[in-house]
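Presented below are the structures under discussion, each in the form of structure tokens.
One chain, chain A, appears in both complexes that follow, with chain B as partner in the first and chain C in the second.
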Partner chain A sequence: MELFASQLLNGLALGSLCGLFGIGFGLVFATLGILNAAQGCYASWAAIIGLAAAEKMGAPFPLIMLAGMGGAAAVAVAVDQLGFQPLRTRGADMLGALITSIAFWMILDSLAGFATGQQSLSFPSTSYPGQMLLTEPVPLPAMQLITIAVLVAVAVGMHLLMTRSSVGSAIRAVGWNPVAAALGGVNSRSIILLTAALSGAISGLAGTLGGVLTSNVSFTLGQGLLLKGFAAVVVGGYSDVRGTAIAGVILGILEVFVGQYISTALRDAFTYSLLLVFLLVKPQGLFGKGSLVRA
Partner chain B sequence: MDYLSDLWATNRSTVAFAMVNSLFALSTYVVLAAGFLSFSTVVFAAVGGFVGAQLVVKGVGLPFVFGAAAGGGLLISLLVAAVFLRLNSHWMALASLALVLITRVVTLNAPALTGGVNGLGVPLALPMDWLTGVLVLTVLAFYALHHSWFGVASRVLREDPSVAACMGVDLRQIQLIAFGISGIVGGIGGAAYAMLLQFISPDTFFLGIAFTMIAATVLGGSYHWFGPVVGAVVYTALPIVMQAFLPHLLQEVANGVVLLLIMIFLPRGLIDPRAVRLRRAAPAAAGVMKIRA
Partner chain C sequence: MTLRLTKPLLRLTAALVPLLGATAASALDAGTYKIGFIADRTGVVAFAGVSYARGAELAVEQINATGAMGKDTKLEIVEREGGSDAAKSIQGYNQLVADRNVIATSCCIFSGIAGALKPIAIANKVPLVFYGATMPGLPTLPYAYNVTGLPGPQEVALSKHLVEVLKPKTVAYFVLSDNDAFQARFKASQAVFEAAGGKTVGVVTALGADTDFTAQATQVIALKPDLIMVYVTQIPASSFIAAVRQRGWTGRMATNEAVSPIAVFKKIGPALAGVPFSVNFSADLTESEAGKAFVKSYKQKFGSDPDVYAGQGFTAIQLIAQGLKSLPGKPTREQLAEAMAKFDTIQNDIYGGVTLINGQVESKKNLFVNWSPDGKIVPWKP
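Here is the complex of A and B:
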């Protein structure tokens, strides 16, 4: 029973990471129409920048998180303006954006490998709250609780932002049709910048937390998050933040339980098969409206 | 003469890799030319690669190895097409990406067929004349296809599916044929790749190769069959050329930058039939202007 409970917690924390990353990934996909293969690199770079802040400046934990988020947001905006903006002005399709993002993936990943010396680094144990909040009846590390809480906060915040605020309406309007949004008085250029920065910051938050939680700061961190986050976005329905968060958590729990009780080899198979089934049977996802124009 | 043979000796494997990458790029191109972005060539290549490797281990002759790889690729491509063609193009891209992820898990967990984590050694180096022959045949087939009913129909389909349907083009049929061709060429490419590397593992046919294929195709230009061949050659040769100028660590970065620059400045790729036509039309148009003036 104790094993079950602690694995449930592990799954929750892992799933929260995937969900959090997925929210950032899905934001760009749903509003800017870009399937961004470079999104995982934002997470890797956030972790690297956070680690630098911890090691070089001895920053406290909240500042490390902020440094990671800010760094990832800056990278995301730079990628958007250097790579995606020229395509946007030309009216290129999704394929062009995907290839461009692959180019950025190659660039940012190899630079990340360069930055970590092709190794997997980990945060110094003094830089984050490493203590256990509980040991009985189940061990509860503080970092797991923080990760779960962050997901809940970001998911609720983003959902409210997207559905209840004028900025959210503007983001959705630009995603639907930038020209019509501009006619409606929305400055699409700044909204696109804001969306890119927001998505980078959220993915960066997932990356920094993931770097601490899994003790893995390298380019592989972003790749893992990208694949699982992609699954969470599709299963949850990418037009809905709540769906992504819930799907991420479910996938995380399933993955840990399949690994624990069925077979470690089948962990990934299960996640990806679920992803494929959803794409084929219910492409709008668990919570999606399916109202998007499917060209 | 010595210089030439030295040059050949040092670049022989680059040429071979460029040829195999051309096969992969052509396989990606034929589906892209029918309007779908699909990563499933990796899956066809994996099937062809492992089928080919198993047959080589059993000592089967090369014609049968390539035949079986092509057959395996065709079979799996028709299966994929039957399931995936219900999807629209965005979802097709995502679903095929998911399929690539699953392929790796499947190959990892079927050690009897694929060697699992340890991979599979292939005890036969691919003779260069065989590879050249296969590529020449494939290119000839693509040349014939380009000028065939299928080629015209798929170009119309890509530009505007509604117009194509109005002209009496059966969309499903064209897409199914495109996938079938992609499967055959991808399977053959996979077998050739296995014999070229002489070792394949689940990681051989994963995201890296998927992105290489797409990048090479788009780099060369996806509007004419010659584009993917040029793209594959450039994409394979680029790192070798870079070696002379850049430290090893920066090569991958430079590859990405080149790809990025091409996407920004040459979005239709290096080989673009439309640009050629426009250039040809330009003097004529200028003449018209002169007469009017």
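Here is the complex of A and C:
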């Protein structure tokens, strides 16, 4: 029973990272119509920038998180403006954006490798709450609880932002039709920049937390999150934050329990079979309403 | 009188001429000899790839600085980045072998890539020295050589030592399920423990691309083994050990040389202290003169101690240089390969006793070591 509870907590924490990353990934997909393969790099870069803040400035944990988020937001805005904006201007389709994002993925991953000296680094143990809140009967690492709490906070906050605020309405309007939104008085350019920054910051939050949780700050961090985050978006419904968060948690728990009780070798097969099932049976996902192809 | 002196001089000269001729013939022609090198300075194993490339770079620099190849004779590395990617490595390798000035080549950490490059080397009759791959059967004389010890002997030696010292009744293993080399290492170790009565209580696996090992740490701790054996690459090993220790496990663990680079200790810190592993080279413990000189010059050039991977990169170039030095004139690739095939030892041996058997390096020495809490590799004492 203790093992079950421990693994459930591990699954919740892993799933929270996937869900958190997926929220950022889904936001840019649903709003800007970009399947952004470079999104994982934002997570890696957030962890690298957070680590630099911890090591060079001795920043406390909340500032490390903010530094990571800010850095990832800046990278996301730069990628959007350098890579995607010219495509938007020319009215290019999703395939063009996907290919551009793959190019940025390669570039940002290579740069991340050089930034870490091609090593896997980790946050200094004094820079985050690394203590165990309980050791018996179930180990309760503080960082795992923080990660779960962050997912809940971000999911609720983003859901409210998207459904109850004028900014959220503007983001959705631009996502549906930027020209119509502009005619309705929405500054599409600003909304696109805001969406890119928000998406980068949320994925960056997942990256920084992931870097702390897994003791791995390297370019491989974002690569690991990318596919799982994508799966969370598809299973949860790309247009709904709640679905992505819940799907991320389900995938995390599934991954851990399949590894524990069935086989690690089959773990990814189970996870991505679920993705396939949703794509076939319920392509709009748990909470999704729209179709995958935008009008 | 003049005649009397002249005769013996002429006789002496006549006697010496063939000898001089022989000396001249045994020297390598002056010039620059290019060694093609597929580096893995980027990609998933770049943490080791950088060290391999630095070791090779240092070897060439030392050989050239000391004039070891002869007057006005230099070695030069022509590097192509493989990025731990098969397609990129093959493309780079094809470029290298197409350059007829490249007399020998060296490559690869991943056995799969090494296996893909070997037929190209054989078809082009160019010597290829593997510096990191560990798949059995890679060396094929006279063209393919491996300066990295095969998996198995080190694990067996460490496992036997642990059986003698710790006498574990139950052993759990943490292994990469998608890595043949680590599967082979784990199985070799498991056979030793089981033969000595060490029951396997669980084999917990991860995939090479995984980054989160909290679930595996929980799973292994729940097995409550006397000993945890860790047979995975650097990132999983370091993250797993950190996760296990963070969850309060104070029991015994042992691992492999993947944790030997200083970067791993810097990452994990004292959590890594006391976890034994086996290596055939350690900058802190090397006893051979060649090893000490290598450590000193590496530290001078790169500002840090060489790790086990740097040693292998260094040795790969030494083997090629040794082959070249043994040849007269301007040797062809085939002649170099034939010369290398005759060696059973490597000169300038930093390990203090390696043999070359059918192109495969075997180390006589196994050091059982661990990191001390202050970040030094020290002999392991239970």
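We take it that the second predicted complex is superposed on the first by the 290 of 295 C-alpha atoms of A that agree within 3 Å, B and C clash if a C-alpha of one lies under 4 Å from a C-alpha of the other, contacts with A are read in each partner's own complex, and residues count from 1 in each chain.
Criterion: a residue touches a chain if its C-beta (ideal position, glycine included) is under 8 Å from a C-beta of that chain, and two chains touch if they have at least 3 such contacts.
This is a predicted model, so every value here is computed, not measured.
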Identify the partner contact of A:Gly11: answer first if only chain B is touched, second if only chain C is, both if each is, neither if none is. second
Touched partner set for A:Leu87, first chain B, second chain C, both or neither: first
Once the shared chain is lined up, is A:Gly117 touching chain B (first), chain C (second), both, or neither of them? second
With both complexes superposed on chain A, which partner does A:Ser273 reach: first (chain B), second (chain C), both or neither? first
Classify the contacts of A:Met1 with the two partner chains as first (chain B alone), second (chain C alone), both, or neither. neither
Figure out whether A:Ser218 sits in contact with chain B (first) or chain C (second), or with both, or with neither. second
With both complexes superposed on chain A, which partner does A:Thr264 reach: first (chain B), second (chain C), both or neither? second
Counting only touches as set out at the top, which of chain B and chain C does A:Leu98 meet: first, second, both, neither? first
Taking the superposition on A as described, I'd like to know which of chain B and chain C A:Pro139 touches: first, second, both or neither. second
Note: overlapping chain A surface for chain B and chain C spans 110, 265, 268
Would you mind writing out the residues of chain C in touch with chain A in their complex? 41-44, 46-47, 49-50, 177-178, 204-207, 209-216, 218-219, 222, 234-235, 238-239, 242-243, 246-248, 263, 266-269
Contact residues on chain A for chain B in the complex? 35, 37, 82-83, 86-87, 90, 92, 94-96, 98-100, 102-107, 109-111, 114, 227, 230-231, 234, 265-266, 268-269, 272-273, 275-276, 279-280, 283, 294-295
Residue set of chain B touching chain A in the complex reads 37, 83-84, 86-91, 93-95, 97-99, 101-102, 105-106, 108-109, 211, 214-215, 218, 249-250, 252-253, 255-257, 259-260, 263-264, 267
For a test of understanding, state which residues of chain A touch chain C in their complex under the given definition. 2-3, 6-7, 10-11, 13-14, 17, 110, 113, 117-122, 125, 130, 132, 135, 139, 141, 144, 210, 213-216, 218, 220-221, 223-224, 255-256, 259-260, 263-265, 267-268
